[in-house]
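Structures are listed in the sections that come next.
Okay, so chain A shows up in both of these, paired with chain B first and chain C after.
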Partner chain A sequence: MRKANSYTLYWMGITFLLFPVLAILGIYMRTVQAGGLAGSLTWFYPMMTLHGVGMVGVWYVAAMACAADILSRYTEPSPAVRGLALFGTLVGVLILLVSAFLGKFAAGWYFLYPLPFKGEWPVWSAVAFLLSLTILGATWLLWSLDLLRAIAVKYSITHALGWHYLAGRSEPEIPPSIMIITVSLIAGVAALVAGVIVLVLFYLELFTGAPSDALLMKNFTFFFGHTIVNLAMYLGVAAAYEVLPQYAGRPWKSNRIVAISWNTVLLIVLFAYFHHLYMDFVQPGTLQYIGQIASYASAIPAAVVTIFGALLLVYRARMRWNLASLLFFLGLIGWAIGGMGAVIDSTISANVRLHNTLWVPAHFHTYMLAGLVFLVFAYFYHCSQEAAAEPERPGLQKLVSFLMVAGAYGFFLMFYLSGAYSVPRRFAIYPAELAHGGTFSAIAAVFATVFLIGFFIYLSETGRRWYKALQTAS
Partner chain B sequence: MSQLESRLIDRTVPDIPLQLSDGRRLHLSDLWREHPLLVTFFYRRCTGICTPFLEGVRDATRRSGGLGSDYRVLALSFDDADSAEDVRAQAAALGLLGSPDWDFAVTDREALGRITGALDFWYRYDPARRQIEHNAMIVGIDGGRVVRALVAGGGEGGRMRELVWELRGSFIPIYAVPGQTPLSCFTFDAATGETRLDWGMLLLTLPALAALIAALGVFYLGGRLRRVRPEIDTAKAWITSHH
Partner chain C sequence: MHRIVAVVLALLFAPVGPARAEADAAGQGRILFEQKCASCHTIGGGPRVGPDLHGAHQRRSEEWLIRFITQPDRMIAEKDEVAVRLVEQFNRIVMPNLGLKEAEAQALLGHIRAASDAAAAPAEIPAAAVAALGRPQLIAPQSIVLGIFFFISAIILLVFAWVGLSTRSPEEVNVKKAYGFRKAMFATASVVVVAALALTMPGAPYAVASLKPDRIVYVAARQFDFVFSDEPITSAADLGRIPTLQRLELPADALVEFRVTSLDVNHGFGVYGPERQLLAQTQAMPGYVNRLRVRLAQGGYYKVFCLEYCAAGHHAMQSGFNVK
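Take a look at the complex of A and B:
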C-alpha cells in the first residue's frame, strides 16, 4: 500500500469531471452531423473549439500529473509549483469556458491566424480565448521547468537522457520512465515557448494592428499544438514503462536500444509538425520532405521499441490482469494502431488525398482515446488502488475494458470509413451528396455512448478508490 | 498585396473596342489572344504622375525581360477627350512610337466606364485644376482574366518583376505585404525567381534554442546543488545533533 499524492488525486478529480463533459460535446457534434438537434446548429463550431482545446489540454495535464507522480517516486517536484499548475489550469479552463459559452468563440482548436480576428464572435471572446491559452501555457511551462529541475537535482543530463547507455555503460541504472519524461519535458519546453511566441504575435496585432505572416503563424501554431499532443502521448507511455512491470513481475529496464530510440525522439520530434503544412504550397518542398522523414523517425523507433518491449514483458509472464494492466496494454496497442494511422497521414502522397477528410480525426482520436486516455486511466486506477487496496472485481473490470474498447474502436471505424468515402472534416451538416456522412455520424454517436457507459462504470470503480485514497493522501 | 489588389485577382475583364494610335480598330481580346497583356491607364494632358508612371513601367518592363515574347503592354487613355493622335504623341514622348511591344489606345466613354468599373480604377474630373484625379494601376491580363494588379506605385522594381513573372506563366507562391509584416518565413526574389528564407524562419529555431538553454541551465544548477547537498545534509545533521 502506497499513500497517494494529494495533487495527483486533484488532477484525477479534474480529469474525471472535464472528460465526460467534453466527450458529450463530441457526441453532440456527431449527432448534429447526423441531422439531429438541428435547432442547436449555431453551437456546433463553438463546441468543436471547446471539445478540441479542452481534450488536448485535459489529457496533456493528466499526462503531466502522471509524470509528476512518477517523478515523486525518485525525486522531489515542488509542491508549490504543483499547486500553481493546478490553480493556473483551473483559471485558464474557466476563461476558456466563458469564451466558448458566453462569447461563442469558434475558431477551432488550431485557432489558425487570422481566423480568431475574423469570425462572427465578439472581439472580447477571442481575447478571452487567447488569455486562457496564455495562462495555461505560462503555467505549464513553469510546471515543466520545475519537473526538469526535480530530475536535475538527482540526475545529470547525460544520465537522465541515458547517454551512458549509448557509450556502452550500464551503470548507473536509469529507469526508462525518467529518460522518457526528460525527453518529453525538454521538447515540451520548446513547444510551450512556440506557443508563447504565437500568442505574443497575436497580441501584437491586437494592440498595435501590425499583422503577422500567416505562414509563420501556422508554423508556430503546429510547432506548439502537434508537439504538445505528441509529448502527452510519450508521458503516458512513460507511465506504462513505470507500472506495467509491477503487474508482469518482471523488470522493464533501460538499455542501449531504449536510449537510442528516445534520444532520436528528442532530436527529431520538433520537425515532425511540418506534416501539418503539406497543404500549404508556399512552404518549400524541402521542409515538406523533412516533415515526412521526421514524422517517421520520431514515431517509429520509439513505438517499435516500446511495443516490442511490452510484448516481451507480457509474453509468458505471470501477468496479474486487472483494470490497470489491461488498460496499459490496450493503451499501448491503441498507440500502435493510431501511430500507424499517423504515419500514413504524414506520408505526403496519402496526405494529399486524406488531409481534408474525416480520416484525419480518425487517426488522432485513435491514439488519443485508445492510446493516451487508456494509459492515463490505467495509471489513475493503479494509483487509487495502490492507496485504497480495495478488493477487485475481475468480471466488472473486464466488462469496463470491453465496453470502452468496443465503443472507442466502433467510434473510430466510423471516422475511418467516412474518410475513405471522402466525407470532409469540419462540416456541421452534410449536403445531399454526402448523406452517407450523416449515417456514419449517427452510428459513431451510438458507439461513443457505449464508450461513455464503459467510462462511467470505470469511474465508479476508480472513483470509490480515489475517494478512499483522498482520505489518506500525503 | 493590398486588399484592392487581391480582390481584383481572377476578375473578368470586359472585351471593349479600342482605337490604336496607328488608327486601327480592334477589340481588347484581339490583343490578349496572342499574348498575356499588361494594361495601364493614363491621359495625355496629365500634369501629374501619368508620364513618370509610364516611364517607370517602360523601364521596369525592359529590365524584367520577356516583353514582346511573353507579353505585350497596352496603355489605355481614360480621358474620352483624348484622340488617337493624342496617344500617339504620348507614345512618341516616351520613345515608344512604333514599338512592336507597346500599344497606345483610346476607347469610347461607355467602354471606358465598363473597363474602369471592372478593374476598380478610380478617376474624377477636378474642374478647378482642369485635371483628372486618379490612381495609378497596372493590370496583368491572361485569357481575359486578371492575373495580378498593382495599384499605386506598382512601377517599382520588385513587385513589377513579380507581375511580369506571372504573365510569363511562372507561379509566384509568396506575395509580400509591403511594410506590414516585419517577420516573414520566405521572400520571393523577382530578379532570380528564387524563394529565399527570411527572418521569420530563423525565429522558428528560437523555441528549440530556448529549450536547449533551459535544459542545460537547469541541469547545470541541479549539478551544483548535487555537489553541495552532502555538505548541506552534514550541516543539517550537525544542527540537529547539537539541539
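Take a look at the complex of A and C:
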C-alpha cells in the first residue's frame, strides 16, 4: 500500500468531472450532424470549440499530473508551483467556459488567425478566450519549467536525457520514464513559447491594429498545437514505462537504444508539424518534404523501440492482468493504430485527399481516446488502487475494458469511413451530396454512448478507490 | 482634338438628371450587393447561406426591407415574426448588422428590383435530383488509403493479441535473441520508410513552374462564398468592379490552374468530382495566393466545398463548375 499524492488525486477529480461533460458535447455534435437537435444548431460551433480546446487541455493536464506524480517518486517538484498549476488551470477553465457559454465564441480549438476577430461572436468573447489561453499557457509553462528544475536538481538535464548512454556509459541509471518526461517537457516548453508568441501577436493586433502574417501565424499555431498533443501522448507512454513492469514482473530499463530513440523523438517532434501546412502551397517546398520525412521517421523509434519494448516486456510474462495493466496494454494499441492513421495522413500525396476530412479526427481520436486516455485511466486506477488496496472484480474490469474498446473503435471506424468518403470535418450539417456523413454520425453517436457507459462503470470502480485514497493522501 | 470630340459626344449622349442618378444608384447597389451581400445571397441563383432575394421587393414591404437591411439585429431581438422565421429557416444563421445606411439600403433595393426583373425565377432543386445521387462509391485513391490502413491495423491487432495471449503460458524470454530481431525490424522499417518516401513524394501537388497551364482561374474566398474571375481579386473593394464568372466552365483534360486567395479568414478550396469525393484541394489564405493545378478528365459537375472552418456559415460555403 502506498499513500497517494493529494494533488494527483485533485487532478484526477478534475479529469473525471470535465471529461464526461466534454465527451457529451462530442456526442451532441455527432447528433446534430446526423440531423438531430436541429433547434440547437447555433450552439454547434461554440461547443465544437469548447470540446476541442477542453479535451486537449484536460488530457494535457492529466498527462502532466501523471508525470508530476512519477517525478515525485524520484525528486521534489515545488509544492507552491504545484498549487499554482491547479489554481491557474481552474481560473483559465472558468474564463474559457464564460467565453463559450455566454459569448458563444467559436473559432475552433486552434483559433486560426484571423478568425477570432472575424466571427459572429462578440469581441469580448474572443478576448476572454485569448485571456483564458494566456492564463493556461503561462501556468503550464511555469509548471513545466519547475518539473524540469526538479529533474535537473536530481540528475542534471544531460543525464536525464540519457546522453551518457549515448557515450557508452551506463551510470547513473536513469529510469526510462524520467528520460521520456524530460524529452516531453523540453518539447512542451518549446510548444508553449510558440503559443505565447501567437497570443502576443493577437494582442498586438487587438490593441494596436497591427495585422499579422497569416502564414507565420499558422506555423506558430500548428507548432504549438501539434507539439502539445504529441508530448501529452509521450507523457502517457512514460506512465506505461513506469508502471507496466510492476504488472509484468520484469524490468523495463534505459539503455543506449532507448536513449537514442527518445533523443531522436525530441528532434523529430519539432519538425513533424509541417505536415499540418501541406495544403498551404506558398509554404517553402523544402519544409513540406521535411514534414513528411520527419513524420515518417517518427514512426521508427516509436515502433521499433517503445512498442517493441512493451511487447517484449509482456511476451510470456507472468502478467497480473487487472484494469490498470489491461488499459496500459490497450493504450499502446491505440497509440500504434492512431499513429499509423497519422503517418498515412502525413503523406503529402495522400493528404490532398484527406486533409480536413474526418480522417483527421479519426486518427487523433484513436491515439488520444484509445491511446492517451487509456494510458492515463490506467495510471489513475493504478494510483487509486495502490492507496486503497480494494479487492478487485476481474469480470467487471473486463466488461469496462470491453465496453470502452468496442465503443471507441466503433466510433473511430465511422470517422475513418467518413474520411475515406471525403466527408469534411467541422461541418454542422451536411449538404445533399455528402448526406452519407449524417448516417456515419448517427452510428458514431451510438458507439460513443457505449464508450461512455463503459467509462461510467470505470468511474464507479476507480472513483470508489479514489475517494478512499483521498482520506489517507499525503 | 480627339479628346475634345470625345468630351462633346459624352456630354451629348450621357444620361442626364433623374435617369443618370438612377443609373448611378443601380451601379452603387450592384457594387454594394457584390461586396456586402453576395457572400450569403443570390438574386435568382437559389438560396445559399441566406435566402434567394429574387422578387424580395414583391414579398415584403419596402419599409420592412429597408429596416431589415439596416437593423437586422434589432428586428431579430424584437422578435419580428418574419425575421425570426427566416433565422429558423436558414439554420439559425443570423444576418449580421453590416452598418448600412438608409440610402445604401435604397440603392441595394434598386439593384434587387432590377436584377429580379432581368433574371428568371429560381428553379427549385427537385427532391428526385437529390435522391438520384444514390450511394457514393469509393474512388481508387481513397480505397487504397483505407485498404492500407485496415491492413496495417489488422497486423498491429494480431501482434498485440498474440503477445497478450502468450501470457497464458509464462516463460523466460531470450532477450539477446529478441534484440537481434529488433535489429532486423529496424533495418526493415528503415527500408520501408525510405521506399514509401521515394514512392509517394513525386505525387506532391505543388505546381511545376516549367508546365504552362491551359487556363487560369482566379478564386477569391470570403465568408461564405467563392468568387471566380479571370482577373485577380485581391480585396473586397475589387468586388463589383472586376467582372466575376457567374458560371464557370472548364474544358476536359486541360491543365487548369486555380489561383486561390482569401479576402478575410483562412478557407479551404476543396474540389469534389462527380463521384462526390475529394480530388484536390488547397488553402485560401488572406495575403497569399496558392496555385492549385488540376487536370480533370471526366466531364460533369464538380462541387467546391470550404475545407477550413471559417465560422457559422462554413458548412454552407460551396460553389461549383462544369467540365465539358
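By our rule, the second predicted complex is superposed on the first by the 472 of 474 C-alpha atoms of A that agree within 3 Å, B and C clash if a C-alpha of one lies under 4 Å from a C-alpha of the other, contacts with A are read in each partner's own complex, and residues count from 1 in each chain.
The rule we apply is simple: a contact is a pair of C-beta atoms (placed from the backbone, for glycine too) under 8 Å apart; a residue touches a chain by one contact, two chains touch by 3 or more.
All values derive from a computational prediction rather than experimental measurement.
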(request) Superpose on chain A as described above, then tell me if chain B and chain C fit or clash. (result) clash
(message) Looking at A:Asp213, would you say it contacts chain B, chain C, both, or neither? Reply first, second, both or neither.
(response) both
(request) Quick one: classify A:Ile151 as touching chain B (first), chain C (second), both or neither. (result) first
(request) For A:Val282, select first, second, both or neither according to whether it touches chain B, chain C, the two together, or no partner. (result) both
(request) Classify the contacts of A:Leu434 with the two partner chains as first (chain B alone), second (chain C alone), both, or neither. (result) second
(request) Using the touch definition from the top, say if A:Gly108 reaches chain B (first), chain C (second), both or neither. (result) second
(request) Quick one: name whichever of chain B and chain C touches more residues of chain A. (result) C
(message) One more residue to check, A:Val189. First (chain B), second (chain C), both or neither?
(response) first
(message) Running through the overlay: 19-27, 127-135 or 145-153 are the candidate stretches of chain B; which one clashes with chain C?
(response) 145-153
(request) Could you give the residue numbers on chain A that contact chain B in one complex and chain C in the other? (result) 213, 215, 281-282
(message) Going by the contact rule set out above, which residues of chain A touch chain C in the complex?
(response) 41-42, 45, 106-108, 112-115, 118-120, 213-215, 218, 257, 279-282, 285, 288-289, 292-293, 296-297, 299-300, 303-305, 308, 311-312, 314-319, 321, 329, 332-333, 336-337, 340-341, 344, 347-350, 352-357, 416-417, 420-422, 424-436
(message) For a test of understanding, state which residues of chain A touch chain B in their complex under the given definition.
(response) 145, 148-149, 151-157, 160, 186-187, 189-191, 193-194, 197, 210-213, 215-216, 219-220, 223, 270, 281-284
(request) Quick one: which bits of chain B touch chain A in the complex? Just the residue numbers, please. (result) 173-174, 177, 180-186, 195, 200-201, 203-204, 206-208, 210-212, 214-216, 218-219, 221-223, 225-226
(message) Quick check: in the complex, which residue numbers of chain C touch chain A?
(response) 91-94, 96, 125, 130, 133, 135-136, 138, 141-143, 145-146, 148-149, 152-153, 156-157, 159-160, 163-164, 166-167, 169-173, 175, 178, 182, 185-186, 189-190, 193, 196-197, 200-201, 203-207, 223, 264-266, 268, 270, 272, 276-283, 285-292, 303, 305-312, 314-316, 318
